[in-house]
Every structure is written in C-alpha cells, then in structure tokens.
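Each chain carries a letter (A, B, C and D) given by its place in the written order, and its residues are counted from 1.
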Amino acid sequence: MTTRTLRFAVLGAGRIGRIHAGNLAHRIPGAQLTALCDVIPENLAAAAAGLAVPKTFSDYREVLRDPEVDAVVICTPTNTHSQVILDAAAAGKQIFCEKPIDLSIGKIQAINEEVRRRGVRLMVGFNRRFDPTFEKVRELVAAGKVGEPHILRITSRDPGPPPEEYIRASGGIFLDMTIHDFDMARYLLASEVTEVYARAAVLVDPAIGKAGDWDTAVVTLSFANGALGAIDNSRKAAYGYDQRVEVFGSAGMAAARNQTPDTHVYCDGAGIHSAQPLHFFLERYAESYLREMRAFVDAVTRQRPVPVDGNDGLMAVAIAVAAAQSVAERRPVKLTEVYPRSVPCPAV
Amino acid sequence: MTTRTLRFAVLGAGRIGRIHAGNLAHRIPGAQLTALCDVIPENLAAAAAGLAVPKTFSDYREVLRDPEVDAVVICTPTNTHSQVILDAAAAGKQIFCEKPIDLSIGKIQAINEEVRRRGVRLMVGFNRRFDPTFEKVRELVAAGKVGEPHILRITSRDPGPPPEEYIRASGGIFLDMTIHDFDMARYLLASEVTEVYARAAVLVDPAIGKAGDWDTAVVTLSFANGALGAIDNSRKAAYGYDQRVEVFGSAGMAAARNQTPDTHVYCDGAGIHSAQPLHFFLERYAESYLREMRAFVDAVTRQRPVPVDGNDGLMAVAIAVAAAQSVAERRPVKLTEVYPRSVPCPAV
Amino acid sequence: MTTRTLRFAVLGAGRIGRIHAGNLAHRIPGAQLTALCDVIPENLAAAAAGLAVPKTFSDYREVLRDPEVDAVVICTPTNTHSQVILDAAAAGKQIFCEKPIDLSIGKIQAINEEVRRRGVRLMVGFNRRFDPTFEKVRELVAAGKVGEPHILRITSRDPGPPPEEYIRASGGIFLDMTIHDFDMARYLLASEVTEVYARAAVLVDPAIGKAGDWDTAVVTLSFANGALGAIDNSRKAAYGYDQRVEVFGSAGMAAARNQTPDTHVYCDGAGIHSAQPLHFFLERYAESYLREMRAFVDAVTRQRPVPVDGNDGLMAVAIAVAAAQSVAERRPVKLTEVYPRSVPCPAV
Amino acid sequence: MTTRTLRFAVLGAGRIGRIHAGNLAHRIPGAQLTALCDVIPENLAAAAAGLAVPKTFSDYREVLRDPEVDAVVICTPTNTHSQVILDAAAAGKQIFCEKPIDLSIGKIQAINEEVRRRGVRLMVGFNRRFDPTFEKVRELVAAGKVGEPHILRITSRDPGPPPEEYIRASGGIFLDMTIHDFDMARYLLASEVTEVYARAAVLVDPAIGKAGDWDTAVVTLSFANGALGAIDNSRKAAYGYDQRVEVFGSAGMAAARNQTPDTHVYCDGAGIHSAQPLHFFLERYAESYLREMRAFVDAVTRQRPVPVDGNDGLMAVAIAVAAAQSVAERRPVKLTEVYPRSVPCPAV
C-alpha cells in the first residue's frame, strides 16, 4: 500500500488559520490544502487569495460532509472547539485543533473519550514543542545531559497585550498565555505537575484588570519527579517577545536563548548594541508551526500516535485552572483538586 | 580637621576574615590593619603570615579594650555576632559585621537599637551590592531605565554544597544562602517584600535533608510596589557558580550575566565552547569585598550613613524566616506575620 | 497599466537552480515558474518533481524562443554564462545570472555592453547582499553610524572543500570563493577597490594544490576612499560555515556574527556549549536567495535598475583576477593593471 | 639553600613604572620593592607616596651600585633602554625591560650577546602573553586543539591616539603598537614570521601623518610553518580598546573576545545593549602586568629561563622594521632582508 496525500480543510481563516493553510498549500510533503472555511466572507476571501485552494465553505458542517477532506485543522474561536471536534470525529476526520481544546476540564475529558471511541487522531496545537531550540533542550534533557532535573525556569513575555475584547474571551492569562508554558514544562521535564502556586498582578494596563484578568504572573510548579519550576509572564515587554527556558539538573543545564531577526552588532561610544528578539509569535514560531503540521501529517499517514495528544491538551488546561484558583485563593493548589485523575503529589 | 586613617581589627581569621584583612592591609585608602583575632592559634598564625599585622589576639574582648583600634570587622561564627556587636558598640568601636547579624529577628531589633543608642555605625556584609554588575543593574533601575519594575528574577546556585557540619549550624538554606538574594531583591527594587511563598526540596544530597535542611528552592516574592519576584537556588551547579539577576519593567529590562575567568571561545566540530563561570564567591565577588570595605571606611570617615545598615540586616533575615515558615506550612507567609513592623501587604 | 506576473524559466537544474525554481514556484509575489531547463534528464526530472512546473526543456535555446517566458535565471556552468546571456538578451528576455558572469574581464565588458544595447536587465547573483544581517551592516554604514570607514574585515570559511573536479573548473579560489567577499567589500563600503595584495597557501588538502589552486588565503584591499581591508578564507573550517564581516570607522563598528540553527546553550562541568554555525550556504543564505529574486522581480516589474548589475559582476571578477596575479607575482597589484577603466589609486 | 626574596628597583616612575612598583610592593610572593628611581623629582615623589619604598634615587647608576638591589625593572624612555641594560648587566643585576629593547636590530643583537656573556637574565615586557585569555588560546593551540594552524587574526585598536610628542618619539606605529601583535603572533603560533606585507594610512588624525607616522594599518604575515596571518590596527576605536585574536586551524579555532568592566545587559525598545570593552591597557592588562612580574621572579629565583627573552624582544622589532619597510616600498619584505639570521622563507 502506498501512502496517499492527506487532504486538509482549514476551519477558521484568522491569523493562525492562514499560517496553517499557507503551510499546507505548499510546504508539507504528503499534505494538500483542499478546503478553507470561515463564517466571515472577507476573512475567507482574504485567506483564499493566493493559496489556490480548490474549495471554500462558510459552514464547517458542510466541510465535514465532503468526502474529499481527510483531516481538519480547527482554528475557530475557542468556545467552538469542543463542538467542532465532536462533529469532526463523528465524520471520521483526522483532527488537528489549536489550543486550548476547551476551558473546561470535564468537557475535554469527554472529548478525549469520544475521539478515542471514534478511532480518529486528535493533535493539539502546542506548536512551541516543535521549535528547534526547545526541541534541542528537550533532547539534551531526555539524553540525560542535565542529569536529574532539579529546576525549570520559563520566561515568557509578549511584546504587547491583545485587545481588551480578546482578553475578555480568552479565559484569562493562565488559560490563554501561560498554558503554553505549562505544556512546555511538561514537555521539557517529561513529568507531571502536581501542585501550582501562582501570583498575578495588573501592572501593564488597568483595562486588563477591569476585564477581570491579570497581565503579570509568577508561577511555582511542583513536579512528580521532585523538580521545582518557576514561570514568569508579562503581557508587555518593551524590548519584544521574550521566550526563554532553562532546565537545570544534577549534571548541568540546558537553556534556550531568544532569537533575533539578524545577528548584527553595532559598537559605538555608548556600548555594544544588537537586535531585539523576533517580534512576536508569528515570526518567532514560524518554523514550529510548519514542523508541527509535518509531524501531524507524518503521524496520521504512518498511523502512529500524534506527538501532542488530547491528554496533553487536558493537562495544560488543568494546570492553568489550578493556577487561576491559586491566585484567587492565595494558596498552593494541588492538581488533584482540579483534576482528580492527575498524578497525586508525592508524600513528603 | 583632617580625616585620619581608620585602624581596623579583624575578628575571626577564617576564609572571609582573611579576605577583609588582606584588603585592609594594602588596598583601602584611609584604612590600616592593626589587629587580627582568632581563638584558634593556627588560624591566627596562618592569616597573620604575610600581612605584617602589628598585633594579634585570641580574645576579642582584649581587642575591644585596645585604644588603637577604631573599627572591628566581625567574621566570627554567626552565633557569636550579637554578643560581639553589643560589646563592640559598648566599647565605641565602628562595626562591620558579616551577614547575618543573627538568626533571631527579635535579637537583631535589640542590637540595632543598642547600636543606635551607642552612636556607632553598624554595616552588614551584603557584599554583592558592591559587585560592579549588580550595581550597574541597580543604577539602571534607579535611573528609571526599566520603568516601573514588574518582575524580578534571581538565579543563585553554588558550585557545590558546604560540609554537613556547616549545614547544621547555618540556620538553613534561606538564612544562609537565599538571604543574599533577599537582600539583592530589596536592593535592586528599592521596595520592601510583603509576602513570601517558598518551595524547597532535597535533590542534591540526602545528607542535607538528614541535617534538616533543603538544597533546592524556588521562592515567589511580592513587593510593596506591586512587583513580583522569583528566586531559584541550588546548592550544586555542575557548571559552576551561577549568579544572575534580572529586573523587568514597563520600559525594559536590566540583567546581570555570569562572569568568567577568561573570554576565550573554542570552536570545533562539536560546537562553540567557552569558559564556565568564575568558580565560587571568593573569585566572583573578590572585587565586591574590596569595594564594600572601601564604602564602609568612606562612610565612617565622612560621617555618613553606611550603605547597608542594621535594618537591611534585619529585613533580609525576616524574609528568610518567612520563607522557611512558608515551606513548613505550605502556604504564602506575610512579612508582617514574622515581623509586625514591616510594611503591610497592599490591599488587593 | 497593471503590473503583470513575470513568467520565469530557470536554466540549469542543479543545486542553485532548484533553489531559485522552488522560490519562484510559490514564494515570490509577481513571479511564476513557467519552465525548467537542463541538459541532463535526471536533473530535470528531479527538479521538476514537486514543483508543478508547466514546461520542461533540454535546450535553453528553445526556452528563449518561448513567448510565454519573460525572464531567465541562468544557473548553468560558468563557462556557458556568456553565450546564454547574449542569446537571452537577443531574445529580449530579462536576465538573472549566477556569479560569475564570466572569468574574463574583456568578455564581461562585451556582455555588459550588449545587454545595455538590447535594453534588457541583467542582475548578477551576489545573493549575500540580500542577507538581512549584511544588509543591516550596510544600512548602518550608509547611515553614517560607523563614521568614515577605516578598516573592513571579512572572514569567510567553508565547512569543507568541493570535489577536485569542481576545483579544476572553478577558476580558482579567488574567482570561485573570495569573489563573494570582494563583492561584499564593495557593497559594504560603497567604494571601489584600487589595489590588492593576496597571499595563498595549500594547507587543507594537497589535492587542491595539485589541481593548481589554493585552499587558504589572506587578502589586503585598498579602497578609493582610503580604507583598508583584510579578508581571510579557508576551504575547510572544522566547526562549520564561518561568515563574518566587520566595518570599522571613525564613529564605531558594525559587524555580522555567525548564525546558528538554534539558540540553545548547554552548560556542564567542561564549560558552556552552543551550536555551530548553520551548515553551509544553502542553509545560511536560504533567505538571501529568496530576497534577491524578489528584488529582481521588483526591479523588472517597476522598471527600475537592478540592485546588482553587470558592472558589479565585472568589478568582483577584476578584483579576483588581480588577487590571483598578486599571489603569482608576490606583489600588490593595482586594479588598473587588470582593468584599466577602474578607479585609479589615489596618489599618496 | 632556601630561595630568598628578590629585591627590586624600578627605574622610571611613569605610568608603567608605577604599575610594576605597586605590584612588587605587595602582590608578588618572593619579591620586594627596595628602590625607585626617576630623574624627575615630581614623578618620583608621586610614585613613592603610598608605596613605603625604602630608597629613592634620581640616577639609575647609583641604583646599580646598591648591593641591596638584586633586580631592576627598566621603565625609562625607549632610547635609554640599551645603555641601562648594558650597565645593569655589568653590575650583575637581573633585568626586566619594557618593550622594545631598542629600535635597532643590530643594537639588540649586541645587547643580547652582552647579557648572555654577563650571565644575568633579561626578560622583555610583552605583558600580553600573560593575559589569562591569550594564555588560554595559546594552551589550546599548543595542545593541538585547533590542529595545524592555518590562519591567525589579530585586531588591536586603541581607544584614542597618544599625544603628538609621544608619536614623534615612538618609532612609528609598527615599533610602538603593532609590535605587541607581532609578539602575540609568534607566541600564539610558536612559529617564526618569514615575510611581512603592510599597508598603512592616516585616517584618524592628520597630525599623526605630519609627525611622519600612520594611525591605521593592515598587515599580512607569513609564518615558517606555512600559516598566514592578518593584523589590523587603529589608533582610535570609538567604542574603546578592541583586543581580539583568533587562531584557526585544521581542527578548529581558538579565539579571545574583548573583556568588559561588567556583564550587565540592558534591553529596551531600541535593542539589546551591553558594556564597552575595558577602557585601555591599564585596565585590560592589569592582571597580565602582575602575572608577568610573578613569572620573572619565578624564573630568576628558580634559575630557569625567562618566558620572554632577548630573542623574543629582537624578533618583534625585526618584524616591525620589516613592516615599516614594506609600507615604504609597497612590497612584501622578507624577514631575512632586515635580519639575515632569521628563519628563511620556505621554498614554494
């Protein structure tokens, strides 16, 4: 049997949808872009232009009925994810869904079960795992180069906050932004988070506080393997998108530094100057978006497990929920409190 | 009136005592080394050799009676600090004391009051404040270059743990090791810590756990100005002494990278290689020890306030005590719980 | 009048030809890949696969007769460039030609004249000018940030030598490899080279010497604006592709550091380790190949001068010829000796 | 027999003399500062203050008659070096002389012979060899870590030119400034220079040209082992003292980066900013001055060869003389032309 080309429909033609559509159109061996779908005609038209996509739809249910679509990439608003996944699974489509699957732990559990029952694959879009530098750090950790992991540090700061309306629908900083760091933490250490303590503040913009959210956070994580973690977040770094991780262990440390658009250095009487980090996630993670979709295509066509599955999607949400609860209640929160089936804290 | 040379006695001829004695002997304008004191004759002889110090003593009380001694540098074991300070103050000597003043907040308060009453100066040896790089970071923060501080990060990892007997007498990792970071936090942000959450673990050596201490810690700090802080500590970094800080604010970030014994780069088929950090505090902070003593001499001879006073000594201990309590009780601890006169947490 | 899409034929489907074809197929607005041509059927088939190119040819003269081809990209062997350019110009095609135009200064002069007469554009593939980092250095120089340029340094070292047969047909290290640095020198300083002194050696592989070439070189350049330059080359750097430049002037310095596939750092007991440079030109200059073709399309469609023209192609060859003569005669060679119409040396 | 303390007289109490005197006074085991000598009373008084030097002299010949002086450090003007060395050798003193020994190759040969005849040691002050970073590069080369050396690069740029009167007496840029790089070249490669090609220009200040000197230079070196070298110099780098070397060979590269007064990083909307290099040689090479004198004391007291001897002093001058001749005659100059006893160029 020969592996055949996987025919994709991208659902949601916003910023992320266009990235996936562009990659699927030309740059992913074994995949082709067959359809694009968006409820907003202008979005659809703007995205379709230049992609030469054969079919466009305004209703995703029509896409799911199309036998020429093998797989869907769900880039619709978060509050639609669960229904679209369930429908796509019922239609037998392979599913790639942007993070988060849903904001409710219970719903995600139900979705994961249904997907399993339907026998389709569900991959969650934690694209940063596919960034070459983070992957290198993970490889060094997995190869034992840092020894037993003791301390994880993640700094994750955006160049600027999203619009207030985005904030209101986002589920809050932990479910929207830190969720990437929670997944990164699990990925880098290959160990489950057992307890979370989070402190958050509104320091960037009072409007974010009025919207019921925070813009600055520091989170302490405890891991099942005994390691400790510290994450810090800000919605606004004046010098650009700051994305650093470090895993410190008994034998050494592996870290990821920021990346820059160029490597120039300028020296004058005031000092030594070099470029700011790459502007934001579209630039910083362009390669990771491409590589994650290649990994999905590869997993589906070779009938292997996807590298980021529904359980990964669930755990990151569970940690985020615990973090939000920790801030609200000003105390450390055990993961089992929000998701009883998670790994219990080790006795101390 | 001409400023005259300040005549020093160094009390305690161990590792730190010898550093201060060596600096006072030759390298500090306006100071001279007049006496050295240690209860262990071998220590005293070893330290005196090569310093050409005029007088040696085995009992510090004799030193305090010597009218040719203007100032004392207290490098004796921590549990003797309070008595020596009180005696030195009674004798009218100017006092420089290694950190911590004492492990008890109440005792430090009493000492500070007594020192004030006696009209002598007490400076506490938080030498890292005098490191040129940390001083530069502080200057950038003070000059408003980072804007309003939002996040403080400190990574402080030793190359290897001290002997078990040292651990047992140390007061624990927070009072012995993290105390430097607590002082650094207050110094860099110029704002008081209001709440502490600490997680600690024994990951480096079970013997440290048996001694009742921790070797790995992650600490979250809340500051009166609204900023949040994250500190991580380890007693053993395979790659050497890791001493980094970063202050992130509304307008930018100021950070201190590690320092190395040389700036070579070696490139081969395996990658790009450069030197490990300077080995340990004697190397990393050699300059800061010299500069702090110059600052003390300067403050005393010009009759100005010392740059690190008894209150600084007290606050760092209070934060450390709160951190230890936080670990024990698995909850965030307000500074006012351990030191009621500290700045209260802002209402949120 | 609306700008229409420029229809391209790529002539020569080797390594570079495939890069240009791939870029033209999907990634360059205003361009489309219409035809591919190679005399070796396997090359042609391998390159055409996956590009969905409408037409393939084995004889470039047929391509030139095709009215649906507006522009050609010449990636055939160097010794065919001059004839293909002349034929393409006669056919009225816009021309992009890989470097060098030819190894003979006289022939290049004739070609440039003919191209001018025919009224088509000829751009030469000095792709490195379009690397974002070198472009940034050029911008800093052009903006006066380094003041008057005084010293130019270029280090250019390959990860490994090409096959011996390639060496034999290459025209020698200066016309094959250093030619890029000579063009970079003119680009960065925007001043003509007036004199060259070159020293070369066979240190990497005696086979290169047997083939009549050198594998290691150090070149001193004198510029019309008074600046001095130093270039060093090697055919084999154990640590990978080393591509650095620096322009030093009265007000400062602008430099380009190497680029790496990732930004990880690994620290252990042996030191601090990071990634080697990007492997070779295909990786290091992937972006510059794309950007140079965009610039060509832009120049043609907007009817503007191409950014690297026939004179640039000629000058780089003239400097290379002077360098080879300098090595042979063990003396500095003036550019006017090999190309009398070049800028004369200033009187000293 | 026990090694006894070496009693030193420093001749010449200018900038360098005071550095050596300060080091000898306190910081060099096995040495003591016994006498200081300068013809200018103010110089002498200024230098003696704070050093507690037992004896001061205005005439070096009196110093040489003092039986309590074992060794002299010659920091007098260059044109007096040869006479002082000859007199000191005649008096049986051990000799440390600042570079250059003399500007005449013939005179240096005669001095070296006389010193050998008298049986005293003569060490020349090429202090940079004792810089920890350059020493590390040398160690890597000596250990074979770069394989066979192919290319040497040295960048050496001062923060600003010396006064015009200094320039006039200096012997020119090659004998005054590049001489350090010539010695560094021989030290790093452990191979003799066989041929020199130098290009020089007046780009920094026309007054330097009027004084008959150059302020900018690029030098190509050929070595007996086949390696090639490129040195660039400037009398004025706007960003400070730029001191870098790199040795590239068959197995890798070892390089020395600049050193900075601190390791802070400041990030804002304009980029990433760090400190300029250490200001000038007094700061950059403070440690090397100390370590070279320790090496001299060590060699004399253990009766071992000095690490930088009269032949090293001679060879650096010979290369400088060849460089000056190369500029004047606009051609490469063989070392044997200026110093017939040097290693001949290998036949090519």
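Rule of thumb we're sticking to: a contact is a pair of C-beta atoms (placed from the backbone, for glycine too) under 8 Å apart; a residue touches a chain by one contact, two chains touch by 3 or more.
Bear in mind that the values here come from a model prediction, so they are computed numbers and not experimental data.
Taking the mean of C-alpha positions as each chain's centre, the chain lying farthest from the centre of chain C is B.
Comparing chain pairs B-C and B-D by the number of C-beta pairs in contact, the larger count belongs to B-D.
For the pair chain B and chain D, the distance between C-alpha centroids works out to 40 Å.
For this pair, chain B with chain C, the centres built from the Cα atoms lie 58 Å apart. Multi-chain contact residues of chain A, defined as those touching 2 or more other chains: 238-239, 251-253, 267-269, 275. Residues 25-26, 132-133, 135-137, 140, 145, 251-259, 261-269, 275 of chain B are the ones that touch chain D when the two sit in their complex. On the chain D side of its complex with chain C, the touching residues are 147-148, 150-151, 153, 155, 157, 197, 199, 201, 203-204, 216-218, 220, 222, 226-230, 232, 234, 236-239, 242, 248, 250-253, 330-332. Against chain D, the residues of chain A that register as touching in their complex are 238-239, 267-276.
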